[in-house]
Structures are given as C-alpha cells and as structure tokens.
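Before I ask anything, let me first share the structure, which is written out below as structure tokens.
Here the chain labels run A, B, C and D in written order, and each chain numbers its own residues starting at 1.
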C-alpha cells in the first residue's frame, strides 16, 4: 500500500509535469481493499484482472513496479511495448490480465480462464479474481459475466469498489438498490460488504471470500464501501464530491488508518514505517529512472502486426 | 385467452400446412399470465411491449386479430406490410411496440417512452409494461434496462415468464438463483412471484403490480412460474422437457384451470364458454380468411425506404 | 451418400473434439438439443465436459471464450444467429481483436456465425456481418461457399492462433451437397476459380458464389464465358487471384449479399483498381443487397438480395450488351 | 473572440434546448459535470429536467432514447467515447436503424460520438466508427470537419426524423477555431470543396480534411494544385461533387483515418470508378490508418494514422512523381 501510494503520487507528478501522455488513474483511498485482494491470491496459480484503481492489488499480486512505469512512460521494453498505456497493462501468460477500457468486460474473461482449467482438470485450488467499480455494475457485461460465473459455479471473486461515484456520477444516478451486495442473491452467489477504509476488515473479508471460492463455494461478491480520494483521473479535481461525503467516515484514508492499525497491533513501529516509506520512494525512483532511459517504440521497426498468423501480411 | 388459444392453434395448423413461411411462436400455457397484463393495462394510455409468447396479452390489450394474421400471412396491408413477420409486429404510435428479435432490448425502450412522458409532464397515470422470458434475464440488455428504469423510478411493470426453459436450455444452465424474483432487490424494485397456471392469482398479482406502478411506487417485477405447453416454435416438439416437469403442477394448463375457476365462481356456465369458443373460432376464421385475400407486398411497388428523410435516395 | 454443408460443419467439430483435448464448444442450446441448426447434434453425449450450453449472454459467451483461449484452450462459440453477434460485438472487436497486438498473447478462438438470408427469416435472422469483422484489425474472417471449404476452414480455424470469425451461410446448410469432402483443402488466403471464363469476372463469396454460377450458366447459353472467383475468406483477401482473373477478362463485377455501403464489394473494387487499373476494359461494377433491413416476406426478400436475374442483368451491363 | 469545434457543439445543444421543448440530452457525466469534454457544460443548470446523467449502460442509453424518440421527443445521446458505442451497437443498428422501415414510425434520435485519435489515447479512446454505422441501413452518419458544420449538423440532426450518428472528432475539439460560425450552413448531402485545385483530388472527411490541406499546402510550394473535397457526411455521400472534382483533376486519393479494410475510402473509390471511370487519368488510390489497433504511444500513433507526410507521399505517387 505504501509502495503503491508512493508510486501513484510520483505518477501524478510526472503527469502534471507533462512527462506522461494520455491519462493517469489512481487508486488513492482504495489501497486497502485492492491490496487485500492481491495479498489473498496465490501468485503462482491464481488469476487477477485488475481495474483502474488497483495499483495496490497489482503490486501485492506481484506485478513488478517497472511494468507500471514502463507502461505509463511508453517504454518499448514494457509489457505493452507502447502499444497500450497506463492501467491497460498486464501479462496474461502470468495470469495478470491487461484490461480493455470497456467496463465489465473482464468478468466473463476471468470466468473463461477458470472454465478452461476445469476442462483441463487443473481447477483445483485456483481462484480467479477481478475488480469493478460501482459504475461498472450497470454494464450488461458485468451482469452477463456474473451470471455465467454463477451458472458454472466458478471459484471466482469479484470485488466491487463502491467509491460513491463513477467519474462524476453519484450512486443515486447509477443504481437504486441500497447496497450493491443486494445483487448477490439475484445471481445466486455469496455476497459480503466491508468498510473498505479499514485495512484489517478488508484483509479478513477478502481473504475469507477468496478462501470460500477456493473451497468450491462458488462466486463471491465483496462490496467495499469507500471514497476515491483523488480525481477520476489526474486531469480531474473531483470537485463534484460534496464536503459532507468527504468528511464522512467513507472519506477516511485507509492508508493512514492502516498504519495506525499496524502500529497499534505492534506489527511495526513508527520507525519501521518511515523506513518502508523511504524504501518505497527509492524503489519508485529507480523504476521511474529505468523506464525513462529505456527506448521509446520505433514506428519504423515495430512489426505492426495484429495477427500472429504469418499468412497475414501486415 | 380462449381467443388467443384458438388463434394460435390455427396459426400452428397453417404453419404445418406450409401456409406460413418463417417461424410460428406460440404462448400455449402462458395465456393467463400474459392476458392478466393485457387486461390490467389501460388501452388508451399505457404502453405494452410484448414478447414472443404474448398473443393473449396482445389481444387483451386490444391488438386486432387481423394484425396477427396479416403479419403471419405476409399481407401488404398489415402493420408490417410484409417487411417483418410473425411476432415482430406492433403499432408503436398506439403504444404497442414491435419487438426486435434481440432479447431484452425492449426494457430500455419502454423506459424511454416513460421518460419522454415525464419530461412532457404527461406521465401521470401511465404505466409501461413489457414481458421477458427466464432466458432473456441473462442478457445485458435486460440488466441495463431494468437498472435504468429503477434509477429513474419509472412506472414500469416487467413480467418474467419463467417457463423453465429458454428454447431447450433449462433454468439450471441459465441462472443460479432460486427464483428470478431474487433479482428485484438488487435493482431496488418491487418483486412478486405468482403461480402462472392460476388465472385468478395472475389477475390479482399483475393488476396489483400495475396499480403499484401507477401509484408511483416505481418498477415492478412479476415472476410467473409456469411451463410452455408447446415447442419453442412450431418446428420444435419440445421433447427435451422431462415428463416429470410436464406432469408437475407447473405443467397444468392455465386455460383449463381458468375455465374451471370461472365456472366455479359462477361467472360463466359451460354453455357460455362453449359459445365463447365458437365465437373465437369464427373470429379467427374471419381474420385468417381476410388476411389470405389481401395482397402480398410487391417488390416493384415497395418504396424500399429505410429513411424517412427525402434527401436520402433509396 | 452425400454430405451437406451443415454435415461438414458437424463433422469438423466432431473430429476436432476427438482429435484435440483443447477444443470445446460453447453456445445456446448446443448440448443435448444439438443446436438450433443441429450443427452439434450428439456431440454433448460423446463429450459431456466439452460441449456446454450457455445462457443467453452473447457478450459473456465471447468473453468467456477469450479467457479460455488465452488459457490454452481452443473454444468454438456458436452464435444462434449471426445477427445476435451484435451483442458480442464489443468482446469480439475490442477484446479478442486487440489482444495479440496489445499483449503478444494470441486468442485462438473461433466464433461460428450462421449468416445470410433464407425466405421468411426477416431482419434479425438473415444478416451478413463480414463487413463489421473485416473492418476491425486482428480478426480472420472466413466465408466458405462449399461443403469442403466449410469443413477444412473450420478445422483450420481451430488450429490458427488468431480469432476467427466463421461466417457459415444458412441457405447452404441443407441445400448444398457434395458426394464427399475433398481430402485436401485449398489453403487459407487463396481464392478459387469456381468457374473459368474469359469475358468477365464475378468476384464473390459465400452463398452468392452459387447465384453467380447460375447467372454465368444462363449467359453461357448466349456464348458468354463468365469467370466466377470465390474469395473463400474475405480477410485475408486474395487479391492476386482476383487480379489474375481480371487480367484475363478485363471486366469485374464484385458481388455480395451484404448491405450496399462499404464492405467486401467496395474493398474488392478499390483494391483491383489500385493494382490493376490498366487491366480493366470497362468500369468495375458492384452488386449488393438493397439499403434497407432484410424484409421478412419471401417476395420482398428475393428482390432485396442479388439473384441470378439481377446478376445476369449486371453482367449484361458490364459486357455492354 | 473565436469559436472552437467543441464550443459549436455546446452552442448547438444550448440553442436546441432553448428553442425546442422536445430536446433532451442523455449521457454519462453530462449533467452538473458538463461531460467528459465539457460539451454540455452548464446546460443542466438551465434545464435540470432535460439534461440527464445516465448509468454506465450504453445499450440501455440508446434503447431509452429510441423509446423517447418514438414518443415525440428528440433525444441527443452522448457517448463518452465513440469506442463505447460498441456496447450500444445492437440498439443502434438493429433497433433504431430498422424501426422506420419496419413500422413506418421514425426514430429522431441523435447519437453523439467523440471519435478519432489524439496522442496517448490508445486503442479504446481513439476509434473511428463511421464504417460500422454507414454499413447498416437506416442511419445517417455525419462527420463534420469544420466548426460551422459541427454546429449546423448537430442542429439539423435533431430536426431530421431519422437516427443520426454524429461523429465529432476529438482532435478538433479545441484545436479547431473559427472567428464566428457561418450563419448559413451547407445542406446535408452536399460535399464541400475545401481547397480548389486541378492536379489531383483528395476526398476525405472529419479531421483528415485538415491533414489533407496541409499536404496540399506543401505540394503547392512545388506548383501542384491539389483539390480537397470534404464529404461532410459519409451517409449520405455526395458522389456528384466528388465526380465533378475528379472530372477536373483526373486523379483521386480517398483518405480516411479509419482501419484500412472496407469503409469510406473503399466506398468512395468504388463509386467513383463505377460512375466516373473514364475521367480517371491514373489508378485511384486510398490511404487509411494501419490494420492494427490504435497504439497508445504518440510516436506509434503518429505513424498509424495518415499524416501530412504520408498524404504528401501518396499524392506524389498519384501524380507520378
């Protein structure tokens, strides 16, 4: 969480300094929820399809920092080689999916990865996970994917980060149920809700959902209640968020609270945390520096191939 | 109900005799549920978007019999002029929509018709209704449309005819919740369930939902439990329906039961019912005969226009 | 004994399931029921784990197949009708079509689309959709016109690493028969001279190949020899064979059953003029369906799409008769 | 003072809301926020009942607008990006596009699609989608290249009874300025000679009009006079103006920013050769974007789409230099 917060604030500065082209999308305030998922998954077998606010989850699931900086800075050596940018990165062969922009689209894809494993007899002990926002639950893709996963009773965990807004759109213009967890029963899947500003609660709830899925209890929806503590993207100041919401319990910073929790549990002291911050800062610095020295993609050398079949001329 | 059953069995014979090209889709066994909706709506103001098994509801909502026979038999004088066929008919200007095949697509369209009335200040006392099958609830279109209607809190009634199958696909391969009424809460709308083989129960439940919508209580989902007592279309013998299901309570014929109910309540005697049947037979006969004498569309006279704008050459 | 076009599709799927553990089928009503057109009849019985009925969720069906394909499987998705692939459009063009370019990981997925018109099918069960999928990068689009091509292409689709949009024509399902499937198929990317000729070339694909042959037969009675080129796949599109034919005949009619704006006929004509302008003795022509939804009534439908009559008429014009 | 392309779109919507009670706007974040591109800034404040934020439900957004349109309203739907209209594809082509033909009841609906590439936008925020909507019957597809056309077309879209796909180019939003909107617009269905010339004709639309003019400027330094024709709308497509231009110049380059297979350039070339073959002194050429998804990196992106350099190069080839 510290690492991803540090990385993201660096990305924000780079964006504001004009060093990143396109958009920068942060997960400030959502780290506890996202990281809980990344931590609860097994890096050697599970599947993770992150969404835009999942830097913390990506890091926790083992995405090297350099892949973030390479993608944001357009390095030709990054996982996307400059062909795609920012949060649209991944290494599908390592079970880290590279999202498309169309919200909800990852749900069915993760389901398919699990179906493949079932057919091959390799599903045992595997969990597939993805995240969506409150807004993404309004998509047909989310619905069809959830329903399909439920019919197949797949070991799947879907985190719904209900951060009160979809871009500028408040919940009241997005859905009419009290809590999105009310949808779980309609899909015939398990559903839980958690205060996602509370790191320990997140860890417990998300891990329980992951383990339930792993045990064969079918898809699990976990709704996290929280607030995005940044703009939709770094071009946006989020001024549409009312002060009342900002200053409510939803607006608490999961990182600050998490640190307090860690300290009060005696898991780390102030000094250690300071050290983590410093380590994070230098790791981020190194990842940025490396990506910045790497070559940009060269349109004259790029093979411009959308097909793997050789019979197709570029 | 008697009328629509009579019409549909005639359509089936015409199809089997090769007099109808394309498909014939019947609502046998679903008449009570469908007709309850048609009866509960006000023909002078409400909106009805029927689906494939809604002959009874269409008739109850005032669709002239001749429009069915004209469309099935391809008369150039029918509402679709031979351009579209069978159940894809309607008169949108009279608030009877002409469905496209893509399941779920009517939900948002009905919502839009209501939104238009709200903006114009003409929503008071108006209800919009549509039907879907159990299978159609798996579509993204259904989900997006329901959710939108819920957000706008529209006076809308959505009948879900859970007839156990979508074409050949049983419920277990279609969804994982116990009853589709479990979805209502997730949309934040009212939901009720009814034994749709029971005419009186249907009338009561559906009318209550329509009246609740009219009173401003927002969208209403009514799930009817029943069995399709015919094939998916008349090309299909429905042999995939297990005998156990056929002989269960779900397989009871709502029409036979309805007649018993009507008789036992003293609303009509056996003789009257016989008379209704005879009247229905002659009405159907007349509608078929008329449509058969009407001209077919003439490709050389058809204006072949997909645009109303004159600037667009055909 | 004879083999129909739909038999070939059935046979290919059966063999694929038998030969390869990584193949599975997914679609509405394809299991015990055997599919709306019986293309999967009996297959679930033999392969209960690899022939799966899907919910009515075209978007998720393709999404699921993408996930399976990047996990080492070779899914074949059956759309009940090509027209319903409009719901899966996003997953097909934006997810399957971009995946290899973006990530380097290919998506060996086949989407079977029952395409094209039959009498009485109406606006939503008759569409040709190759224009949509041909336009977007990353997808191969096959449009078999023969029983053997249907068989070999479907088998080849599955072994190719790229997503294949397999446009099978419903009109050919039971109408088109052959004594036996050719043991050897032509390779993908090569067009076929279905009927040799020397006065004009008709370039077409899918069911229209047979209508073109009929028109050619009629004109042959008057001594005109019309060459019919079957593109077989519209992406890749074999321009070489087309140009070679035009070099022989000097005249081109591009023929298709799709809506008239854009699409295969426009692509063919504009490529031919770009590379073979000097070969043309007359302006190249196009013949497509009309620019309206596809009408339900058989009489209207028969005038909406090209017919042997209208093709003959276009050819007469092309031959300057 | 000057007016930008996005100002024109904003202004048109403001006036429409003021002039007509039957207009309303629907889209994601278009209310208090004013839309992702601020095309609706301040409008909800003035018309709280007629500027509505939608859920993230493109399919239902268009379905809802269809319902409203057949109930006497004139909805304008804003897609946040044209690329997301893939989710609404079915409602657009199969519902809106077929309704008038099937029922006789028109659907006066406008769908605003922020199209086209800008640096760093990547594969899912850069697409040109006119090929899709042009192919299907029943839709009008406008592709304004100028500030005044954006304004007049949007106003006209709303008064037309047919569904209009309004493709506005994001690159032009703030870059393209004019002193004032022309009080009179050209009518829909008429192309514009943006730059007169006599040695070759470039036929194009949307943002590429400006790139073509740049290329023409370069070549003019060498004495070549290139005519640039702006189609303005790609359906209807004004062939007369194009043919008249080709009659003057004898040479045609069809230019577009879309993927290379099918689409506007193919349609233009194949119509021109069908009707104006004898006018051509050289094979007509096409220049499109590359056949890959649209890359994120600005350096790749700049090579993916046509540029003044590549247009100049194509023109040199066309002029046989």
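Just so we're on the same page, a residue touches a chain if its C-beta (ideal position, glycine included) is under 8 Å from a C-beta of that chain, and two chains touch if they have at least 3 such contacts.
Please read all numbers here as calculations on a predicted model, not as lab measurements.
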item	value
Minimal step count in the chain contact network, chain B to chain C	1
For chain A and chain C, chains touching each	B, D
Label of the chain whose CA centroid is most distant from the centroid of chain C	A
Separation of chain C from chain D, taking each centre as the mean of its C-alpha atoms, in whole Å	30
Distance between the centres, which are taken as Cα means, of chain D and chain A, whole angstrom	35
Separation of chain B from chain D, taking each centre as the mean of its C-alpha atoms, in whole Å	40
Centre-to-centre distance between chain B and chain A (centres being mean Cα positions), rounded to whole Å	43
Contacts with 2+ other chains: residues of chain C	54-55, 57, 59-60, 83, 86-87, 90, 94, 97-98, 101-102, 123-124, 137-138, 290-293
Contacts with 2+ other chains: residues of chain B	80, 83-84, 88, 100, 102, 138-141, 144, 147-148, 151, 173-175, 305-306
Overall pattern in which the protein chains touch one another (line/ring/star/complete/other)	complete
Complex contact set, residues of chain B against chain C	21-23, 74, 80, 82-86, 88, 100-103, 135-136, 138-141, 166-169, 173-175, 240, 296-300, 302, 304-306, 314
Contact footprint of chain D on chain B as seen in their complex	79-81, 83-84, 88, 90-93, 98, 100, 102, 105-117, 119-120, 140-141, 144-145, 147-148, 151, 305-309, 311-313
Of chain D, residues touching chain A in the complex	28-29, 31-33, 36, 53-57, 59-60, 81, 83-84, 86-87, 119-125, 290-293, 295-300, 302-304
Of all residues in chain C, those that touch chain A in their complex	21-22, 24, 49-50, 52, 54-55, 57-73, 75, 90-91, 94-95, 97-103, 105-106, 137-138, 140, 160-162, 187-189, 236
Contact set on chain C toward chain D in their complex	83, 86-87, 89-90, 93-94, 97-98, 101-102, 123-124, 131-132, 134-138, 235, 237, 254, 258-259, 261-267, 269-270, 273-275, 277-278, 280, 282-286, 290-293
